[in-house]
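The letters A, B, C and D name the chains in turn, as written, and every chain counts its residues from 1.
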Amino acid sequence: MTVDSSAARKATRGSGKRTTAKKAPAKPRAKVSAEQDPDQFVQLLTPEGERVEHPEYAIDLSADELRGLYRDMVLTRKFDAEATTLQRQGELGLWPSLLGQEAAQIGSGRALRDDDYVFPTYREHGVAWCRGVDPTNLLGMFRGVNHGGWDPNSNNFHLYTIVIGSQTLHATGYAMGVQKDGADSAVIAYFGDGASSQGDVAESFTFAAVYNAPVVFFCQNNQWAISEPTEKQTRVPLFQRARGYGFPGVRVDGNDVLAVLAVTKAALDRARTGQGPMLVEAYTYRMGAHTTSDDPTRYRGNDELLAWEAKDPILRLRRYLEAEGMADEAFFASVEKEDEALGKRVRDAVRTMPNPDDMAMFEHVYADGHALVDEERAQFAAYQAAFAEEN
Amino acid sequence: MAVFEKITIAKAINESLRTAMEADPKVLVMGEDVGKLGGVFRVTDGLQKDFGEDRVIDTPLAESGIVGTAIGMALRGYRPVVEIQFDGFVFPAYDQIVTQLAKMHARALGKIKLPVVIRIPYGGAIGAVEHHSESPEVLFAHVAGLKVITPSNSSDAYWMLQQAIAGDDPVIYFEPKRRYHDKSALDTEALPHPLHKARVAREGSDLTLAAYGPMVKVCQDVAQVAAEEGKSVEIVDLRSLSPIDFDTLQSSVEKTRRLVVVHEAPVFLGSGAEIAARITERCFYHLEAPVLRVGGYHAPYPPSRLEDEYLPNLDRVLDAVDRSLAY
Amino acid sequence: MAVFEKITIAKAINESLRTAMEADPKVLVMGEDVGKLGGVFRVTDGLQKDFGEDRVIDTPLAESGIVGTAIGMALRGYRPVVEIQFDGFVFPAYDQIVTQLAKMHARALGKIKLPVVIRIPYGGAIGAVEHHSESPEVLFAHVAGLKVITPSNSSDAYWMLQQAIAGDDPVIYFEPKRRYHDKSALDTEALPHPLHKARVAREGSDLTLAAYGPMVKVCQDVAQVAAEEGKSVEIVDLRSLSPIDFDTLQSSVEKTRRLVVVHEAPVFLGSGAEIAARITERCFYHLEAPVLRVGGYHAPYPPSRLEDEYLPNLDRVLDAVDRSLAY
Amino acid sequence: MTVDSSAARKATRGSGKRTTAKKAPAKPRAKVSAEQDPDQFVQLLTPEGERVEHPEYAIDLSADELRGLYRDMVLTRKFDAEATTLQRQGELGLWPSLLGQEAAQIGSGRALRDDDYVFPTYREHGVAWCRGVDPTNLLGMFRGVNHGGWDPNSNNFHLYTIVIGSQTLHATGYAMGVQKDGADSAVIAYFGDGASSQGDVAESFTFAAVYNAPVVFFCQNNQWAISEPTEKQTRVPLFQRARGYGFPGVRVDGNDVLAVLAVTKAALDRARTGQGPMLVEAYTYRMGAHTTSDDPTRYRGNDELLAWEAKDPILRLRRYLEAEGMADEAFFASVEKEDEALGKRVRDAVRTMPNPDDMAMFEHVYADGHALVDEERAQFAAYQAAFAEEN
């Protein structure tokens, strides 16, 4: 096993508010995907939609909760697709799609408690959804009206961080603060397979380990860092990185929302009960381009894509819900309706998003003001005024 | 060897890399996504196919690692040309650049050489998200041991890179990314302009505009408009920011008696500050007006919907020209 | 609260940290060797003993990690005061400082604050090995979002740190390490000078010397010698390098009509460049001479046996004073 | 085992020129120091001077070679002590003593072939000795007459690097170059326990692993990074760090010159035969202050020092040589004589070391020249000349 087993067992019954354990799902089967060494790949739901058991990680969700996860994933995908379309239409400058990573994000996002704190990359639209961040808030930076701008403390969801890896240190420091406060919250730091190479990520492992900080490192290994496959970052599975820093790492099927939820919850509970950091590697796939600026046909073939399509995170949950009779046509229809409404809301929000005032670039450079900024602001205002007069 | 009537800056750089790699097997290209993808701007397009993975190296996502290993390869006799994906992502490598790359030759009393070129697409006006539009050139130019250059046209793009790769010093080569697709002429057989010499890009008599990289084009537009208004503007394309060719600037200012410096980087402690200080000292009795500067503000590079206001443009430079002439 | 007739700068900083930690439980001290050892300069001496390991934190040897986690702690409501052991070792943290610490407040449209103070002992003349004597202040001052300050005496050392810690912006606090043991007065009950205002350290009428940190003392010696030679030199201690108090400088130069800027950092693109550019613009018709600059050379900080030649000293500054007065 | 065992076995018979294997030492014993898990601490010579065997690492040295190692360690210690004294006398500005680390440095240094390349920290005086760098060359930077200044290529010994961890990347890049050249040389990167926290070191592990570069990471864990004990850098043994990057790590008794030699040779041979990087953690102790500027009484007690004195690297080899009758009084006396001669040579060299010319600060800033440097050099020369005239 890749993670301290008694700790994991203890931690399986987490206290996440949205998905409290209730009753065992029907017909758990022992089959595990053959693709990975079963000890190194936690899976609870096969691509075919069959429930399987794992010796260390159990999960126990009501039909309602399972439908909730389904809905989360579908709406996240919808939002994402809408944003991609808006970029094509010129409404956004750029969009980094999460297509294919819905289970990794919803599973981990739903494992969190409200008082936990999230440090995302630039692709965590599904996690933002779970935190209750209005999806339209995410679009400002990609439209070029701000660099983020939502209040991180409203939803305990930090701003998107673009400089690869930096946020893992912020998460670790935040967790050190949580620890100093004597709180039992946990912190989660998202990062990618590419990010694993950055010195900052390694340093965050060191700090987290040395201070036993309550932080979960959640790596979405989506197989690619722009055009570079994971082999350009590591020659062994990424979850193994953690052991050498003195804390456990585990690889989970990142397209299995149940497994991700179970493992992340275990990791978070470990953190909040003083057992320190843990690394979760969600093994998943970036189905789309890196961003709308990217052309993946230059560096990867279609076979790979097709193979991963068969492992689609939404499809497998739908199959399971259907097979178990936990969702009917009416449910799926209602989600579809919500889907359309969300799409429209996003379109409308983007198109009516006001441009920032010119003077905004001088705002918030400093919290307590700065003479040079004041001087330049005044000069700019005067220039604008004179220019307006002239024209 | 070829003469291009029109070639983009991006393609000229590609040609230059290709020429250098053909000429010298020790020349390597390395960086994130430089291989199959050909870089996010396609500047290294086709090079890996032709020179192999051993010479066009897709690296792990770690800028300090990229520059640090490039230093090691240079110590082994290679001549690495490193690509940093965007201006805002050079900072993880800053320590290696400042404390190692810049100082190692001096540390060794000249016994080892560090022929490493670091290519950085820089500057704004491409509608990008944060960290993709910055102009950090003075953070390198202030540091002894580095040379800092930036072309404004295809010929310079080609030749200055040739010269940088051929030289034995570390060079930071800033590429004006908003001009990547601008086309101009390139003669790969011509005699190149000396690497660190500025170039008078347009002759004039009333005022000198000093600029580099992406702002040269803006200044050309300014000069055009000013000419229509009867003002004769000279343009000096600096080309090199470390060293700066103050002699060419001085000659120009001794003639025009007025100088405006234009760059995208923030004015505060920008290259314009050094130019103003030094030209004022050299031309104290010639200047009719203080050296004026037009540049970015002391604020983070703004969201793209504001970048037109943030960046020096035709109007802002014209305004400075008028203010200078008003003295 | 106390009045010290004579207290070293190092001790004044220690007192300031202690006062801040007593006043606010959110204030933390962190860095390499700041705990039991009290820092390599003993500036944090005794703090861990009195405030515990939870508030005076010996960190792993990783500057990016130190600043990055300090940012995280600030986001959680703490007010970390980070120690970087020597000037030359701040660069591994440069990315976190420039791309995160400096920009996060603006990125969040003001919704979060980053009250992080980074203390950096800087400057030369202590006979040290490489990387222990540098003056990298403009590499921070050029970056919007940071404030950069540096005291030259014990009272400023105490008060400016108090103000930096109390403020909500990231502050780079450069400590003139060669003056750590210089003694001067400190009244911890007095009303402090505004943080970003310069201070006229000596009045004079013939020429203004602008300096900061370790060079203020050199300028005082210069003024003394100049006075003996019948020249009246005014000294402006800048104290703040971002922002720079140009108003105080302007008033001084409007009176003296001559300005020489002195700093240890290399002249090329140093603070003196910005001061020369801006004061020339503000005082174009007042200046009798170009603004002159005395500083380090465009070379790596030399081995210590050469540092006396590299650093501005009495003679070199006097020489510049004479050159200015000769106009 | 912590290292691929067949590789290690294969690699044991290295091709280091100075210490080619010859015949088995007498009376190997199976006893292993109790302090460490024996699987994680390779020891071939106990503190009491008894030869022990290790299942993976063997060594086979002639009496001559063993005496050579003894001599190396004694002279290195002498040189180091002399330098410390010279610092006290004001002849040097600073000195970082290697006292206690002689075995780690001589053992690894003697494992190298001439064509291998070394990237040291600032404390590798013993390795420099093995490379044939004149010890007096090391003193220039500590006297303040230069920043290093020996020719790295004369002895394949790079300049001392002060910025912690940086050199591990240079070593990795150099090794990548060796690989490109198709050479079978290896590269060794020295660093400390404190350095293990730096992002650069982690990045060097990533690059080395991904490119399978022929580099050995040699960590001298001397228990302290100035005032901070190793627990402030890691909560598990440092050698374990490597596994998570996909290459082996091994801990060796760093005060046992035989074990260090055997393990380093195995690692170097692994590298030169295309098996990629390896991490060697030499578990040792910094007996002296961090540097002459440091006062270790502020942060560590005397017990620790005494405990480590009992494990002295030189003493144990002497005991072994004596017990085995491989060295007689005449030998020890001759080493002592060399010792004195070396001391005198170092003292004389330092005291007669010329100060650099003032103009030297403008030299070698650039290889191809730079107009600003030329201008400043000329101004400085003119100023000096005028000043000389005046006075």
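Here is the rule we go by: contacts are C-beta pairs under 8 Å (C-beta built on N, C-alpha and C of every residue); 3 or more make two chains touch, one makes a residue touch a chain.
What you see is a predicted model, and the numbers here were worked out from it, not measured in a lab.
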Pair with more cross-chain C-beta pairs in contact, given A-B and A-C: A-C
Of all other chains, the one whose Cα centre sits farthest from chain C: A
Inter-centroid spacing, chain D versus chain C (mean Cα positions, whole Å): 38
Chain centre separation in whole Å, for chain C relative to chain A (CA means): 41
Approximate Å spacing (C-alpha centroids) for the pair chain B, chain C: 31
Residues of chain B engaged with two or more neighbouring chains: 59-60, 62, 64-65, 88, 91-92, 95, 99, 103, 106-107, 130-131, 144-145, 242, 268, 297-300
Junction residues of chain D, two or more chains touched: 146-147, 163, 197-200, 203, 206, 210, 232-233, 365, 370, 372-373
Interfacial residue positions of chain C with respect to chain A in the complex: 54, 59-60, 62, 64-65, 67-78, 92, 95-96, 99-100, 103-114, 144-145, 147, 167-169, 196, 242-246
Touch list for chain A against partner chain C, complex: 146-153, 158-159, 161, 163, 166, 168-178, 180-181, 199-200, 203-204, 206-207, 210, 363-368, 370-373
Contacting residues of chain C [partner chain B, same complex]: 64, 88, 91-92, 94-95, 98-99, 102-103, 106-107, 130-131, 138-139, 141-142, 144-145, 242, 266, 268-274, 276-278, 280-281, 284, 289-293, 297-300, 327
Chain A-touching residues of chain B, taken from the complex the two chains share: 32-33, 35-38, 40, 58-62, 64-65, 88-89, 91-92, 127-131, 267-268, 297-300, 302-306, 309-310, 315-316, 319
Contact footprint of chain A on chain D as seen in their complex: 196-203, 206, 209-210, 212, 231-236, 240-246, 249
